[in-house]
Structure formats: C-alpha cells, structure tokens
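Attaching a single structure in structure tokens format; questions to follow.
Chain naming follows the written order as A, B, C, D and E, and within any one chain the residues start at number 1.
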Amino acid sequence: MAKKLGVKLMTEKILEAKNLKKYFKTSKGMLRAVDDLNFYINKGETLGLVGESGCGKSTTGRVILRLLEATDGEVIFNGKDILKFNKNQIREARQKMQIVFQDPYASLDPRKTVFEIISEPLNVNKIYNKKDKLEDRVYELMETVGLADRLVNAYPHELDGGRRQRVGIARALALNPSFIVQDEPVSALDVSIQAQILNLMHKLQKELGLTYLFISHDLSVVKHVSDRIAVMYLGKIVELSDYKSIFISPLHPYTKALLSAIPIAKIDVEREKIILEGDVPSPVNPPEGCRFYGRCQYREKICEKQSPKLKKYEKNRFVACHFAGEF
Amino acid sequence: GGSKSAAKEGEEKNTLIVGLAAEPKGIDPHPVNDVPSGNALVQIYETLITQDVDMNIQPLLAETWKQIDDLTWEFKLKKGVKFHNGEELKASDVKFSFQRACESARIGHIVGMIDADNIEIIDDYTVRIPTKEPFSALLPSLCHTGGMILSEKAVNEAGEAYGEKPVGTGPFKFVEWKRGDSLIFERFDDYHGEKAKIKKLVMRVIPERTNRVIELETGGIDVCYDIGANDITRLEENEDIEVYRKISFSTGYLGMNCLDDKFKDARVRQAVNYALDVDAMVNSVLKGVGTVAKGPLTPNVPGANLELKPYGHDIEKAKQLLKEAGFENGLKTELWTNENKDRINMAEIIQAQLKEVGIDVEVKILEWGAMLEGLNNKEHEMLILGWNNSTGDPDIGLYAPFHSSKHGKGGNRVCYTNKRVDELLDLGRKTFDTEKRNEIYYEVQEIIYNEAAWGLLYNKEVVLGAKKNLKGLKVWPNNKHRFDFVYFGE
Amino acid sequence: MAEEKKLLEIKNLTVHYITDDGTVRALEDMNLEIGYGETLGFVGETGAGKTTTAKSIMCLLPDPPAKIMSGEILFEKEDLLKKSIKDIRQIRGDKISMIFQDPMTALNPVMTVGEQIAEGIMLHQNLKKEAALAKANEMLETVGIKSFRSKDYPHQFSGGMKQRVVIAMALACNPKLLIADEPTTALDVTIQAQVLKLMQQLKEKYKTSMIMITHDLGVVAEACDKVAVIYAGNVVEYTDKKKLFTNPSHPYTIGLFGCIPDVFSDEEELSPIEGLMPDPTNLPSGCPFHPRCPKAIEKCSKEKPKNVDIKDNHFVKCFLFQK
Amino acid sequence: MEAKIDNKERSRIRNKKRSQWVEVLRRLKKNKAAMFGLFIIFMLIIVAIFADFITTYDYAKQNLDEALQSPSFKHFFGTDEFGRDIFTRIIYGSRISLLVGILAVGIAIFIGGGLGAIAGFYGGKLDNVIMRSMDVLLAIPSILLAISIVAALGSGLVNLMIAVGIANIPRYARIMRASILSVRDQEFIEASQSVGASDFTIIVKHIIPNCLAPVIVQGTLGVASAILSCAGLSFIGLGINPPTPEWGSMLSRGRDYLRDYWHVTAFPGMAIMITIFALNLFGDGLRDAFDPKLKN
Amino acid sequence: MHKYIFKRLLLLIPVLLGVTFIVFTLMYITPGDPAAIMLGEDVPQEEVEKLRAEIGLDRPFLVQYGSFVKNIVLHGDFGTSYVTKRPVSQEILARFPATLRLAGAAVLVSMGIGIPLGIISATKQYSIFDNVSMVFALIGVSMPNFWQGLILIMIFSLHLGWLPASGFSGFKYIILPALTIGTSTAAIITRMTRSSMLEVIRQDYITTARAKGQKESKVINKHALGNALIPIITVVGLLFGKLLGGAVLTESIFAVPGVGRLMVDSIKCRDFPMVQGGVLYIAFCFCIVNLLVDILYAFADPRIRSQYR
C-alpha cells in the first residue's frame, strides 16, 4: 500500500528468499510445506502472500523469522543470510524482524497483562534499565496502536478480538522493527474491526516506514494492502505480480480461479465464474508435475510431467505456468 | 471353601472347617518352620514320638525307645504303619527323613544335633539315632515337625514336586491346596491308630482377626485359630461357641541391649522391670488373655522355675536403682518393635510407663525385615520380641536367648553375657538326669531373673474357638493341634 | 408479500441468555418472514444473534441459560414455540433442517457419514436401515460425493466434502426450510465457491426455502433473495437484495459496506465503523447502534426506533427515516 | 482513539494490577460445593494449628482405667484402648494427616512436575527416556515402593511422606507433560521466541504458569488420595511411630474394636472421610473454576 | 494395526527390563535378609548363613541380577520362591484367577455405578440429581477402603447374614470385595463420564443430531456417549490395570487369595524371586492393559484407528 500513499518506493531489497525449502517429516511421508520459494521484498513495501489453507503461507513466515528451521535455502535480510546466524545473532536480528499472528487469542499469554505482554520484548532484550522509561515506552506503544491507558492491567480474555490484535501489534512494534510478518492478522476479526486494524497497519507503515510480508487467504484484503502479491499453491509460488495486474489480467489459472471465487459484495458486476473441481491436494509427496495439474481446466500433457518454474513474464510479473498468458 | 455347608442342617457333619490366621509356607516338613505350616503338617505327618497336650512324651511311630549311651538312642518302630501311598513305614524311611532334615537350614537348630549320616538301621523296625554331642533335649526335639517321618519312596518319586504331594503316616491325607485360600485334607482310612472321626478337613486362611471370628460366629468355620483378646468375652457368652485357652510356650519380653552403655548395668535393667506395670499391660493389651511372665520360661515347660515372682510395679525402687546406676536425670532410649499390633500397643504402654521413672522412650516401628537386620547388627537399644520355645524344653527356651555364644543373630538379642549361665547351659545339654538337669536350669533362670536380662512381659495363651457341638478338641500349647479325634456331637 | 406465501414468520421474538455474568439480550423484538422458495440472507457481526435466531426456530436453544421471553415463531401458521417436544421432533430434520457453521464439528466423528445421513431418513420416512442407507448413498451422489465413500468416517473427508455431507444430511428429507448457519465460513474460497454453487443448485432442485446466515456481504450478494441485517439482536434493515445493495439505508449497513475492501477500485483507506460491538450484557439504551453511529441524534440514546418501511418492503429501524 | 490519562493516573492504574487468579477465585466463590469444601479445609487447618487451645487433654497421656469409654461430655469421642481422649487425638492427628498429605503431594509435584516439564518441553529422546522411566515407576506397585522406603529409612512421618510422594511422581509427570504439550505449541510461545526470549524465560514465565491449573487441581485431589494411601500403609503396619496420633493408624489399630466399641474407629474414619470429601469437593470446584469452557 | 501391536509389544521389553532392574536394586538395598526372615526369630546364625548360600544370596548383586534375567530369557524360568519352594510362575498363576475375577467384578461395579451416574449428571448439570450423585460418588472415594470393607462385613455378613465374610469360592464371595473397591472407584468414573459428556454435549454434532429430530435418549446414548468414551476407557483401563496388580487391603480383609496379598507377603519375607516375578507380572499386566486400552481407542474412535500403523 506504500505506493498508494505516494511514498517513494526504494528499490533496495530488505529481504530476499532464495530457494527456500521447509519439509516436515510425517508418518505418511515428507510433507513439502514450502518448496523452493524465491522472492524478495523491497524496503517500505508490502508483499502480499495469498493462498488456500495449508499451502504453506505461515510456514514461509515462520521460516523467514527462524521460528522454524528451514530445510534448505537462504533468507537474506539486510544483506546477510540469517539462516546461518547463531543464537545471539538471531536474537539481534529479531529486533528488526517481528511477527503478528493470525489468532489474537492464542498469541497472547492468557496469564499476562497487557503491560507485561507489550513490555516483554523490551525486558527480554534489556532495552531499558529504568522502570519509568519502560513504562513510558509501553504507554507510547499503546497509544500508537490505539489502546486506552486504562487497559494496561487488563488480561487478554478481558479484551475483544480487535484490541487483542492491537496488543499483538504493539508487541511487534516494541523493538522498532523494520520488517514485520503479518500472518493473517485480520482473518479472525469481524469486518468492522478488520477494517479498523487494516487502517491502523496502514497508518503505522506510513509513519514508521515499515516493510510488511502480509499473509492472508483473502484476496480482497491482500489486494487492499499490498504493493505486490505472491499467490501460493501447495508450497510453491505460482504467480507474483504487482497488485493491479493480478486483478486485471491474472496469468496463472489458479489465480484466475481464486479471483473468481471471491464473493463480491456487489450485485451489478458480471463475472465469469470458474469453479475449481476437487480439493487442495495434500502437500505430502506432491505430484512431480505442476501441482495445480489435478484441478486445472487448461491442463496439457506437459503439465503432468514437468513442474513449471517461476519465470519472468514481463516487468515485475512472474508466473509458474507452461502456458502463461495463453488464455 | 463351602463355608455355609458346615452349618447346614440335616447334612451329616463330616467336614471340619478350620480357620487359620496365616497361610502355611509349605507342607513339606523340612523346608518350613512356621506355626501355620505346623498346623497343617501335624495332620499329615507324624513323628517317632510325640508330646501330648501336657507335654508328656508319648509313643507314636516308635513304640519304645531307650538311650544306649550318651550319644545314642534306639527306637523300635510300630509295625504295620502305612504311608498314604500305601508303603509301610520302615527304619530306612526314618534314616532317610533325618538325613533330609539335617540338610535343611530351616530346621537345623532343632534336629542339628543328630548325626544323621550315622543313623544305624538295626532292622526294618529298629533304628539307632546318634547325636554329635551329648544332647539331653533330643526327645522333645524329635517331637518337633522337623522330626517328622517321610516316605523315602514318595520323596524320591516326586522329586522337586514333593512339596505338592506330601505323603505321611498321619490321620489325614493331603488333597488340595488352593493357594491363598484353603488346604483340603481327607481322612486316611489305613491309619495305623484310631481313624479320624471326620471325613474331610478344610483349613481356610483368614488373615483378618475380626473376620475370622465373624466366620466362626456365622458358621463359616467350625474352629478358629488365634482369637483376639477382645473377642473372647463375646465368644464366651455365645451359646454356640466354646473357647479353649491354654498357656503357650512363648514369652514376650522387653529386651535391653546389654552391650549398650545405658543397659550395661543390671540396675538399670532391674529399674526398667520395676517401672513396668505388667499387670496393667496384660490387662489392657491382652485383655487378660495371657499371664504376666514370671521368668524366662513359661510355667508349663518342664524345668521352669516356678519360684520366681514378677518384679512388681514399684516406681520408687525403679527410680532408686536408676539413681544408683547414675541415671538420676533419667535417660533417653529407643524402643524397636515390628508391625505386630499387640507389640505396638505394648510399646506404647511401655513408653508411657517408663516415662514415669524418667526414661524417655522413642518408639520405632520397623518393618520386620529391616528390624531383623538392625537387630543382627546390634544397632538396637530396646526391643520387644517374643521367644517361642518350639519344643517346650528348657534348653531350647534358654540356650539361644542367653548363651553368650549366641549374641545378636544367634538368638541372644539382648547380648546378655554371664559366664555362669554359659557354663550351666552347656552342662544342661549334657545332663540326662531329669532332676539334675532341672536344678541346673533353675539356677540359670534365677540368675537371668536377678540380672534382669529381659524385661519380663507376658506369656501368651493359645486361644481357640470352636463350635460347641464340636467334641473332643484338644489344645496343644505349641498351637499345632491335631483334629483326628474331633467329631460333631449334639 | 402476500399472506399465503409465508412459510415462516417470526413475530416479536425476544430471547435472553441468563448467565452468572448478567443477562445477555441476544434477540430483541425480532420480526422476520420467509416465503416459499425464498432465500433470506442474515448478515451481522459476531454476537449479533444470528445463531440464536436459527436455534430458536429449531427449538434448540439451550435451556438454561436461554429463555424465550416473548414472541412467536409461526411455521406454516403454527406456532413452534407452543408445540410439544414430540411434535417439534417430527418437524426437525424433516420440515426444517439446519446446517452448522463448522463442518469439522457438525459431524459425529465416530459414525460413518452414511449412517449419519441415514439417521434422519430412518426417523422421518419410516425406512428400514438398508433402505435408508441406500437413500443416503443417493444423497451423497447428489452432493457430488461417490456413494462408495458412505462407509467412511468424517475425518477421512476434506472440509469441503464434509460440508457437502452436512448439506446432504440436511436435505435428506427434503425439508421445506433449510437454515444454513455460516455454511462456508470455515472453508477456503475456492471450496466456498463450490459449496455455494451446490447449495444454489440443490435449493432450486428441491424448491426449498432457505435462511442463509453469514457475516459476508459477498455471500449475500451471490446467494440470497432477501436480506436482514442484524445488529445486537435487532433487525436493523430488512429488504430484498437489490434494494439493499443499491440503497443501503441504515447507518450500520452503510458502515458495513465501508468496511469491505473493494477488489475493483483502488481506494486508499477503508472507512470502518468506529468503536466496538457493545457488551451483550449491557446494551446501550435506545438504539443499540447509537454509540458508534456517525449520524446519531439525541433521541437515539433515549428511545428505541421503530421499524419503518421506507419503500416497498424496505424496512429500516432508524430514527432518520421516522417521520 | 481511546481516552488518554496523565502520568500520575497511569502509575495509579499500573499499581492496581489484578491477577487472573482473582477471576478463578470469583468463579470458585460461586461454586457452593467448592466453598463448602474449602470451608471444611480451613476449619481443619485452624483446628490443626490451634490444637493446643481446643482440647485440654494430652494426646499421649494414657489412663488405662478409662480405656474404651463411650463418647460422653468428658470425652466427646470417647477414649481409646489406653484411655486416651479420641477427640484430642483426632485434633492433633489432623496436623499429621494434613501434613503428610500436603508434603507427599508436594514432593510428587516438585519431582514429577519437573520431570514432566522437561519431557514435555524438550520432547524427542529425552521425553521418551523420562516418560518410559515413569512407566516403569508406575508399573512398580506402590506398596513395594512404600515398604522398601520405609524399610530402608525407617518408619515415621518424613519417610511415609517420601514413600507416598515417590509413588505419585509419575502421575504428576504425566499431567505436567500433557499440559506443557498443549501449551508449548501455542502461538504466544512463538511470539515470545520471536522477541528473543530464551528457553528458560519461556518455561518459567509462560509455560509453567499456564500449566499450573491442572497440576493444582490434581494436587488437591492428590492430597486426598495421599491421606488415604497413608491410612492404607498404616493398615499393613507401616504407619507413624506412636504415640503420635494419626488418623490412618488410629483407624487401622482400632479395627479390632469395631464390633464392641464403634467410636474407636468411627471418629477417625469420619475425620478421614470428611477431609477427603472436602478436598475432593474443593478440587472439583477448582477444576471447574479453572476451566473457562465450563463457564456458563 | 498388527504392526502397531507388534511395535508396542516390542516396547514392552525395555520397560519390563527397567522394572526388573529397579525392583532388583530396590530389593537389594532394602534392609532385611531373606534368609534371616525366613528362619524366624529363634534360629541361630549358622543356619542363616547356610540358607543364604543355599539360595544364592552370597553372590554379588550383578551376578544375581544377570542370572535372574538369563533364566527368564533362556529358560522362561522366573525362579523359585524362597519361601514356598515352588516356581514363581506357578504361585502367581495360582493367584491370578482370583485377582482377575475381583478386578473384573470391581470394574463392573464401578462402571455400573459410575457411567450411568455420570451421564445423568451431565445431562442434568447442576440439578439436584447431579449434586446428589456427585456427593454419593464422593462418599465412596472418601472412605478408607479397609474400613469400608469391615463395615460392609459387619452389615452384610454379621447382621444380615446374606453374604460370606471371607473366602473366594463362588459368586457370593465376590460381591462384598467388589463393592468395596467398586464404590471407592466409581467416583472417578462418574466424574470422568460427567466431564467428558459435558464436553461432548456442547459439540455441534450433538445439536445436529437433535436437529435431525432424533430422540434425546438416542442423542445421548448413541451420539454423545460414543464420543465421550475415550476418557472413560482410559480411566477404566488404568483402574483395571491397577487392580490386576492386586488390591492388597481388600484382599487381606476379605481373605481373597489374590496377587496383591501374595506380593505384600513376599515383600515382607524378602522373597526376592517372588517379588521379582510378581512385579514383572504386574508390570506386564499393566502394559498389556494399556495396550488393550489403546486398541479399544481404535474401536471407539475411527480417527485414532487410522493413526495406528
């Protein structure tokens, strides 16, 4: 959304993922949650990551922050591969990278007050040694995210979803990060609250010059906040474009189907509906060809055997389809 | 089981059901030495000679016997005695039995004096049993279950499994052992003496005292072993039940470790004896079942010194003695007992009573195995134990508990040492003349009494309860009763 | 709407939950009607009282803590609230069916899906078990699941398939009214599209009336004929879909539209409704929306607004339209 | 946005921190049965503390002339076989019984909880090793453990506690592990990791407080069962050294008088029953209070 | 499933080995000399030494342990009781039927009381019935077992004369001991059933079943109970496993010839082989019951069934 704000886009990459892989061993076989991802995020921009449940969005976010150890690949943050960092370096790096979680209920310790939650990053990293300063900072953060002072001693269960999510955001902001992974921060919220939070995040990005990786399954939300959007399917990015082109002329059949599946709160728009057959297949031992093969209405022989690479289609547009742009 | 069947009317009463307090450990006489096993064994097996209820030696498998010399006794066996397997009893069985007995550790102290390898078989019905040393207590020892005679053939045939298939000459044949529940016997119709009057004998194991008595009252059993003191009155009032009591061979004592500085001095031990109100104790704990012990031997033992009188309860004297011994400010000590309820109760009373003369006692209840270990290591100060005179002979009753060679593990738990006593005890073993022998033991008892080697507590009673219509029941002081002459009357 | 066309009519329904923490006034004086073959969309945020309404119709409110304070629910002109539990059972699953929000939890995990579908059939159509199972298989095919899977257990199905099973279960006895309580909220968009389409088809095939509960105006736009917008237990706006989308009138409805990011335009910021849903145990006086309402006037905090028909069955509960 | 307050006010608010336990307590307070249980427990504790003031008798003082008297005004609960006042012994006995129960459970929670926490948090091999050892411990009959311990260390209060405590270790290890597992994968743990908290901080600050509830509930119920096990041990003769009064041994040693002198066992039996009953009521109530799902 | 069961059985080996080792160590360090105990109070020391040698107690610890394990592995021989001189396996097998019967009966009693009470309590939460049944169940747990046993004997054997006070040779004999154990464990099952049912009846599929027009009784018994079964199976399994190890107090009171009493007697006698064998048996029962419980899970819940491979 940065560009929509007229902020000049820097082309300096703040984060880049190269051949990022995360496999889980399961009883049924190797689960390829994230399989060979390549993308970058520029400073100050928002990269949206959309895809259906279980396609590996959260895993991507967690691997980037090293909350999960990657199986393979590199994550270059500010020029350094953080996957090679040792414990201390990681701790340092984390001051610059934060995460806001999907579930505001589960991501706050039910036994800690708002104050304790927000001050935890500050305490853990021993930012302030004076109690006054710490308190001031916490109140400042609360003000930033729009939480009333009287809530400092409240417990999460006493707050509604929107306020909880604000607490989560304040916690993420505490260490003045430059990059925040937003893992579906609004999908658990009601529409009216969702809109409030989206606006808040927008405002913070504007004021603090933040960079977001914004994860969501809701295309309309992602479109609203992102500069560029990556569409994931079963552990792979199938399309990565700027936010506009994806909506105007989606290149990948999956993106197309995804777009047409969003129910739109308008009655006068005529849309071609593509209803996908079947379910998202399991990422355990996925087919070797195109992962979308089974549900694709345009599939050809080659798709079954050969997995398409993410190729540049035009400037700022990448797609992984053998027939990109042909339909 | 079949508990109620005994009480059923109309049915001919041929089955006697007996309630035991504990399960026998085995029914092979050689590897066991516990009273419950003895309860069962006496039904199946017999000894050469036996003691009647008054402890007179009587012929059983041997019709006559005589002493050949200081070391040898000769026994003439009864003819036509059949084992349960149909074999006839021969002298070879006797030799075999004693050889087997002497190999067993568990009864070695009873029959250990016998020189089993040199037992001489004169003919099929005559056997000479030699002892390693002159041993005046041999005859009573032969009456012990350890002296029971087995069929050589049966033992060899059964091999390892003999314990399951006992073969004796007794009035009852073994039928079945329901582990943990009951033992079943059946009349042996070829018994050499008078056949048992009842057909079937069942011994049930009912460990809980209260429950055993309830079974007797409700007709689940006909005879009840080890009746608790507080049930006696009620049973005595019960018209259907007869209570049999008899003083036993066991003496409960309060031991004081003579090696311990506090109890080295006989005056302290005497003081303890004076401080105890044994009468009250016996009344309270034993509810009068049992008598105040007057000496180290129970009065029914031939050779017991009946002139000894209880110390009596005299606090002043106790305090005086303590003062003389240098403990005018009292002393602190520890009293060990195992988890036997009566002993714990005793300990509590002793604790309270000794407090009055300034002896501060800490009671420690020890698990039996652990207590034994401590005793063996002589770590104890005071203890409550009993000494069971298993054959009713003064030698067994006095040698081990008081001979200085038996300190600690040997039986002399109080580590009592007295040269004169040692001499006399050794002499007693070699003295065959009853008179002389008795004199020796009288003296021993007197010395022990005076030196207060034990704090004398009580002589236990054997208490049996039985249905009133059960006739002919006899009670042995060693609690090993035979039931072959028992029958149901009106 | 002509009288005879009404299948279900809710009149002045008030439902309270009486709890330790106070009384939750879940529904307040609710009025609604559904005609034959119609789909009524039920929109509102969490806690607005959508499920409560649905459960009242099914007579499935948990008592305690729920208490129906007043009102009537007329189903084919008979008041369901006055019927005995036995009669209600005859209606449940037969004439009125319900689909629950979360297909993951709406299916009994220890019974095969076939059995679960057959259960209702056996109850209402007096069929033997085999016959009912056969019918169940038919239903499975109807919702696009191969019938040989009827012996499978719910955990062996994906979310979308489970929801299809639930739909099959609800439609098994060909009900007159189908209440779908957020039937697609737990599903992925592509699956949601599948399920919505299926429901649409089936509804047409069986000519069932439907109440479609949702918090997504997009779903309403796609699936409904009429819409009721509820806020804190009140129907604040009630009209047909077209009128609602072209002329949203209640400030809350307008606010709702402002909250949704528009895929087709490039707006900078959303214009959300300020504030939060009120505490259900402590609703504001007067119009419950007034603390958040940008157009609130003094009267709003004092009096409850009446239902006003602003134009051809376009009902709005707001003083702005009261003359 | 929301209202602002000045700094003074802020500090004032900050200092008014309420605990989440308050919430639990509030819910507990509504549970009449639990409060009744708590009340009894309180009474017992008070009785235990002020035993000296409640009765004028000496619990160890024997008076053989007054043995086995029925309840009367002189002796509310009658006298035992040594003429000691049973009422007094029960009062003093509450000290021992409660102490044994509480300390035994304390030992079990401390060791078992610790092991369970480690197993649950680190998982993998360590988890397997610890939990299999717990299985082993569980498979060993507690009576054997008790006898061995009492035989090795001697009877008495402390050893009895240790015996009952050790036998209960696996139970708490399991509970702790299970609840850690349920907490460990929650997002707030990840959130804490993502701000750079160390494992130790996470265990101490986040995991343990969140796992405490089930352990506490089990603990209250455990005290009850510890008291009962203790009584059971008394039954097989491994109780506390006399003359210390303890309900279990009063009960088991009094069982010979069950038929003639009902009061000798009835009162200690009732004392145990009431205590266990109260602890169970309270524990059940606590469980409900901790479980927000049961909140109606 | 077969593979799973096989794997579980394999896992038995280390657990059982661990158990034997611990028990061996425990018995070894526990003071008390089996020989001395066996011989009693009045037997001289030489005899004790002789007996020690006879039963091999004079060997070093590891040698004893080694030969114990070796005998089991190579010959399936669990040793011979010091006391009764009979093979340990025979002794235990002799007691097993009584223990099994008592355990089974007790579990039946406690399920018979616990499950219905729990179900009704859950469906009528906070009603008078709920309270009364919980109180009733609690009274069951609160009574020390042996006391309760004695009181039952007083009432049913002594005063009413309906049932025998001791022994174990028929159905009548099981009733009182089973009641004693059953009532004291029923509370656990009641409580478990109740909370598990409460959990389940809040689920959507229960409402769904009601929405189908299903009768309430069927909703509860068919839909709810089926899903509430897992925790119930767990406690019942635990209980049964424990009871198969013998209920010492109850067995002593009622003179039931069970494993528990045998164990206690053996421990007291330091009858090492017997204790070893007994604990091994108990541990084995325990593990097998656990395995059975896990297999039952699979029958109760198809989700778990699919996990077993």
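One rule holds in what follows: contacts are C-beta pairs under 8 Å (C-beta built on N, C-alpha and C of every residue); 3 or more make two chains touch, one makes a residue touch a chain.
For clarity, every value in this text was computed on a predicted model and none was experimentally measured.
The chains in contact with subunit C and with subunit D alike are A, E.
The interface holding more C-beta pairs in contact, when A-C is weighed against A-D, is A-C. One simple way to say how far apart two chains are is to compare their mean CA positions; for subunit D and subunit E this gives 23 Å.
Chain centres here are Cα means. That of subunit B falls 38 Å from that of subunit E. Between subunit A and subunit B, the centres computed from C-alpha atoms are 88 Å apart. With centres defined as mean CA coordinates, subunit D is found 46 Å away from subunit B.
Contact with two or more other chains is made by residues 30-32, 150, 158, 252, 268 of subunit E. Contacts with at least two other chains are made by residues 147, 151-152, 236, 255, 258-259 of subunit D. Multi-chain contact residues of subunit B, defined as those touching 2 or more other chains: 210, 367, 369-370. Only residues 33, 132-133, 135-141, 143-145, 147-148, 151-152, 224, 228, 231-232, 235-236, 248, 251-252, 255, 258-259, 265, 269, 272-277, 280-281, 284, 287, 293-294 of subunit D touch subunit E when the two sit together in their complex.
The residues of subunit D lying in touch with subunit A in their complex are 1-5, 9-11, 13-14, 16-18, 20, 23, 186-188, 190-198, 201, 206, 209-210, 292. Within the complex formed with subunit E, the subunit C residues making contact are 55, 58, 60, 88-94, 97-98, 100-102, 105-111, 119-120, 123-124, 153, 155-156, 166, 169.
Of all the residues in subunit A, the ones that touch subunit C in their complex are 4-5, 52-53, 160, 162-163, 190-196, 198-199, 202, 217-221, 223-224, 244, 247, 257-269, 273, 275-276, 279-280. Residues 30-48, 50-51, 54, 83-86, 91, 94-95, 98, 150, 153, 157-158, 161, 164-170, 173, 252-258, 261-262, 265, 268-270 of subunit E are the ones that touch subunit B when the two sit in their complex.
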